[in-house]
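Next come the structures, one after another.
One chain, subunit A, appears in both complexes that follow, with subunit B as partner in the first and subunit C in the second.
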Partner chain A sequence: MSDDIQQRIHATVTGNPVVLYMKGTPQFPQCGFSATAVQILKASGVASFASVNVLDDPEIRQGIKDYANWPTIPQLYIRGEFVGGCDIMREMYQAGELQKLLEGIIEA
Partner chain B sequence: MSDSPTVALLKERLAVLQPLQVDIVDDSHRHAGHAGAREGGHYQVTIVAAAFSGKNTLARHRLVHEAVGDLKRSGIHALVIHARAPEEV
Partner chain C sequence: MMHPEQIEQLILAGMACEHLTIEGDGQHFQAVVVSREFEGKNRVQRQQRVYQTLQEKLDSGELHALSFKTLTPEEWSAQHG
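Up next is the complex of A and B:
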């Protein structure tokens, strides 16, 4: 595990209110689960969010799994905190919890 | 119908959670052809276990990921998890 990669990830997730690590881009997702994660974020009222395409960088792709100790992508971070992957985002959205978590940064 | 080798392995690994119920659906055919499908199949797991009581979704999924472990690297591309405590069923 490279410390440099971990520091880069830490800087990204703490430097942006909402970050989605995904396969592809919000415009062109390369995986159905990443596409769903983008749709859930948009449905939650987030106008813009930072995204990182893990397919561009194998070190980030592995590094983000180590960072959160979470084996899959997509991964959502809000205010520097790991929230979860696609299933968890869907459950939280359906319960209204994701919208609550995003309150106040929707305008960001 | 008998389980596919991967489904049987999944059930074997999930047994450590002492589940009251495990249902596994193989969705691989719905994803044939897309890039990730080369890494392995798509599965949906519905699991009921006392181990999930009082834990949030994130913690429940971590338990399932830990149990499934290395299977994520061989034969499984995606795992959709529905983890319920007995009192929620």
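Up next is the complex of A and C:
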């Protein structure tokens, strides 16, 4: 595990209110789960959010799994905190919890 | 390519489950895991616990697309009472 990569990830997730680590981009997701994650975020009222395409960087792709002790992509971070992957996003959205968490940073 | 039964065996070997169902087509899987171990744990911690049992297959890339529902026995019976 590279400390440099971990520091870069930490800087990204703490430097942006909402960050989605995904395969592909919000416009062109490369995986069904990443596409779903983008749709859920948009449905939650977030106009724009930071996204990182892990397919662009193998070190980030592995590093983000170590960072959150979470072996899959996508991964959502809000205010620097790891929120979960696609299933958790869906459950939280259906319960209205995700919208609540995003309140106040909708304009981000 | 993995069979749902293989995933089921790995999860059962790694943790105590009250109930477990896995459906899938070899590429995408949906799992419902009911375990007492989830009591007092949040969603992230619950899913991390299940991921632990599948670590090897996730690391190797054999297993990639797995959806979860993680419930305690009480939550499970409330849904299926």
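Methods note: the second predicted complex is superposed on the first by the 108 of 108 C-alpha atoms of A that agree within 3 Å, B and C clash if a C-alpha of one lies under 4 Å from a C-alpha of the other, contacts with A are read in each partner's own complex, and residues count from 1 in each chain.
Keep this in mind: a residue touches a chain if its C-beta (ideal position, glycine included) is under 8 Å from a C-beta of that chain, and two chains touch if they have at least 3 such contacts.
What you see is a predicted model, and the numbers here were worked out from it, not measured in a lab.
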Exercise for the section: Tell me which partner A:G32 touches in the superposition: subunit B (first), subunit C (second), both or neither. Expected result: both
Practice task
Examine A:P17 and indicate which partner it touches, taking first as subunit B and second as subunit C; both and neither are also allowed.
Solution key: neither
Problem - Contacts of A:D87 with subunit B and subunit C, given as first, second, both or neither - result: both
Problem - First (subunit B), second (subunit C), both or neither touched by A:T72 - result: both
Problem - Common ground on subunit A, meaning residues reached by subunit C in one complex and by subunit B in the other - result: 32-33, 69-72, 83-88, 91-92
Practice task
Going by the contact rule at the top, pick out the subunit C residues touching subunit A in the complex.
Solution key: 28, 43-44, 47-48, 51, 54-55, 58-59, 64-69
Problem - Residues of subunit B defined as touching subunit A within the complex - result: 31, 34-36, 57-58, 61-62, 65, 72, 78-82
Handout entry: subunit C-facing residues of subunit A, complex
Key = 32-33, 69-72, 82-88, 91-92
Completion exercise
Per the touch rule, the subunit A residues reaching subunit B in their complex are 23, 30-33, 69-72, 83-88, 91-92
